[in-house]
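Next, two complexes with chain A in common: one pairs it with chain B, the other with chain C.
Coming up: the complex of A and B.
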């Protein structure tokens, strides 16, 4: 049995898993941005992703050029982010985090409903102009689209870390993440910062929405990718971008390997819950997660 | 001074149980006589099932402070367990299968409550999703649970208690009402007992609770067990009395959110709150579809209805969290106090 172990196949599955993990990380990063700066677990991130992808596709289908549609969608996402900060988060300042979480749950219902009420419920195809032809690298077949997604994700993470490191507003993000009261005391404008964070999360949602939309087709189920991102967050810690990346890779790889090698023993279809079990088992052994701060809400 | 003394003397002091007893007498004595079958099928039966699920979740989330997003999984576990006990155990009365089903749901609740010993807040909320997905997967995957029926949809058995068949909408309503009344009474007793106070202590400050000698781990698991028992029985009512079929699809994540919404809108840590919340959740889609049809006519098709329901529901959640964090119960109490005051001062 061990002798005929097919290494090539194993590596193919592993790489495929890692690359789909990148897609999970893309969604998870949107959560981390908001959690880091405002302590809100934003369940509406999936709905935002759906809204962005649906808006973009509908604009393109109405004959608006690709680049312009991208800019318009981004502007809409920024507007939504600011509106959320004004109408939902501001009145709920200083409420327990779990209340804010429930508010974002309500928010996700509103955004999902609005997205489909405005743009309709049919499935849209989305073509980003990247052919999904497998590339052969060192004898291993890898999807070209997956590589593109990985490059985009890497670019975005790089951009975000430069932003956090070198720009004034990025630095104030970190200050707010560190200590809200101290940030207020030195005169940082929290509402402005939160609005910017939500806009940044909107940008991440747009990028992730386009990539996922090209993969699955733009439709309601797109907002369910949030359920794929949650175990990644539990594993990596809610407040670490690095954790979101590594967690995504781990979940992606273990999910694919489990599906291929042990899925048959369970009768298949285990990917709906396997990621959660991985995250839970991991947490029971190491409650502070991979990269999460020790202070987070764990016993 | 005079105002206060007159307030004391003229106020008729009614015992606390007056309102519930009057309400129950009305529900048993009057409603079956005047209700139409639409009232039972479309409003009262789902209302009773969801209220009970809300009571169950409220014990876990409202009183013990452990947020769960997996309630529908426990409803499904209860429904399928009751179906299988009823099918496979010869001569077991219906009540027996329902109690056993509750116990099965409680056992599953304890297993999925284990992470609560090490996780809090969001981490726990996310980990309860594991229950949601696992149970739903297991029920669709293994056809043994649905007695190898090809479609996965199975007819619920006939309801009967001690030989009396409870057919028809009224019979099923009385069946559901009785179970809900009994379990709600027990839940009410529970939350005012020492155990209930322990739940609240853990919710408010876990470290302090540990210091005054509350066995935190045991109490948390107990909260999971009791809550899952009640939610499991609610699942039985949902499947046996309301839908008359047992299928896993009805117990999806949206149902879990719906039950969470019920207790947010109704009022956290309030037994009455679950009933207020469930009433709103059940009646509001019906009212919205009537209103939409009336205002927009044919433009208001089922797709638009579905979407506008989501939007209004989401908006309601946010409005309640901002304006009335204690839910409909607080609103109701305030209105009642105003009315009483206005009535007395005349």
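Coming up: the complex of A and C.
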């Protein structure tokens, strides 16, 4: 049986899994950004993603050029992010984390409802202009769209990393993520930093929304991709961007491999729940995730 | 404020946490421009709450000042955000240092400069100045501050505060958990800053012996009330103060009940 193991097929599945994992990472990064700086698990990230995709599609359908629609949607996402920070989260400063979480849960319904009210409930197709013809690389077939998504995701992560590493606001962001009270005491402008972070989360939601929307169609179940981000976060740690990437890749690869190689024993279709099993096992073994809360401290 | 040479006036301040736990009930003192004032007292006396009230940091810990006033440079601090106070020259070095652990020492310092909204060139100039006061920090500039020693972290925290070009530096327990030699080193640097630049300093300190050696004046807190104020040199000589706050010849009978409040 081992003898007729098809390596080429295995690699194809693995690469396909890793690439689809990138899509999970994209959603997870949106969570990490906000969690790191304000300790809020922003459940509304999925709703934001949906809102971004829906706004973009609706603008394009009304004849607005692609690039302009992108800019307008981004501006709207930034505005929404800042508005959420101002009106929902700032009044709740210093409240327990569960209060904040509940607030974002409520928020996700409001955003979804608003999206429905503004743009209607029908499913939209989203064509990013990438033909989904598989490429053959070294005898392995790889989806062209997946590669595109991975390149976009990598570009965005690079952009965010450079931003946080080399700009003043980026340094402030890392300072706030480390110690909010000290940041307040040395005079860092927390509202400005939070607004920036929400804007960045809006950008991530936009990019993730477009890629997911192109794959699944822009519809209301799109906001459910947050659920897939949760196992990614459990694996990678809620406060690590690197963790979100690695976690996404692991989840993507493991669920595809599981589906193909052990799916038959469970009657197939395990891809949709396998990620949660992995997360559960992980919670039992390593609750803080692979990269979470690695405290830099000398004792 | 008519008295222009007074930089900080704390007048009959009462403070509570969560609207329930009283931490201060009647703290008063004055700090003159260019002097070092030590705030002494045992655990729970209000040594940490008082500096936080001065920097208006209590609301961030669900506390608030419910009576009395604190005036910095003549204006009420409770109406200003902590960040605005920093930009007005009032900055605090928190108890327990609170360095940004995953940032390098230099990034910590730069963060202080950003807090003041300083320009890049100004920040670079200030960095050089602070490395002059704390040569150790220059050696460790590229090290993550979480990996440096306690003394180095305290220097980083002080340096970070100095980056905002303060006129009044508030320190909360700078000696905590540090070896005596390092404590001395830090207080000597503070003294030097005070002498050379006229920086006013308010330092809350459990180690009264050290604090009284370097301070000009001192105020003693007991159970949230300021019970005694005076020149540091005088306080050091008084038997009762020595007994209770310097830990020399502990004799409970000599409780400083006869001390009249000077506050």
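Operating definition for what follows: the second predicted complex is superposed on the first by the 293 of 299 C-alpha atoms of A that agree within 3 Å, B and C clash if a C-alpha of one lies under 4 Å from a C-alpha of the other, contacts with A are read in each partner's own complex, and residues count from 1 in each chain.
FYI, contacts are C-beta pairs under 8 Å (C-beta built on N, C-alpha and C of every residue); 3 or more make two chains touch, one makes a residue touch a chain.
A quick note: this is a predicted structure, and the numbers were derived from the prediction, not measured.
When the two complexes are overlaid on chain A, chain B and chain C sit side by side with no clash. Once the two complexes are laid over each other on the shared chain, residue contacts for A:174 go to chain C alone; chain B is not touched.
By the touch criterion defined above, A:102 reaches chain B but does not reach chain C. Residue contacts after overlaying the shared chain place A:254 against neither chain B nor chain C. Looking at the shared chain after the overlay, A:238 reaches chain B, while chain C stays out of its contact range. By the touch criterion stated above, A:55 is placed in contact with neither chain B nor chain C. By the touch criterion stated above, A:45 is placed in contact with neither chain B nor chain C. Taking chain A as the reference, the larger set of touched residues comes from B, when chain B and chain C are compared. Of the two partner chains placed by superposition, only chain C is touched by A:94; chain B is not.
Working from the superposition on chain A, the chain A vertex angle toward chain B and chain C, CA centres, sits at 90° in steps of 10. The gap separating chain B from chain C in the superposed three-chain model is 15 Å, by closest C-alpha atoms. Residues 296-298 of chain A touch chain B in one complex and chain C in the other. If you check the complex, the residues on chain A that touch chain B are 41, 87-88, 91-92, 95, 97-99, 101-103, 105-114, 116-117, 121, 227, 230-231, 233-234, 238, 266-270, 272-273, 276-277, 279-280, 283-284, 287, 296-299. Interface of chain C with chain A (complex): residues 55, 57, 60-62, 82-87, 91-92, 94, 98-103, 107-108, 110-112, 114-116, 144, 146-149, 160-161, 163-164. Those residues of chain A that touch chain C in the complex are listed here as 94, 168, 171-172, 174-175, 177-179, 181-190, 295-298.
Interface residues of chain B facing chain A in the complex, by the touch rule stated above, are 67, 115, 117-123, 125-127, 129-130, 133-134, 136-137, 141-142, 206, 253, 257, 260-261, 264, 303-304, 307-311, 313-318, 321-322, 325.
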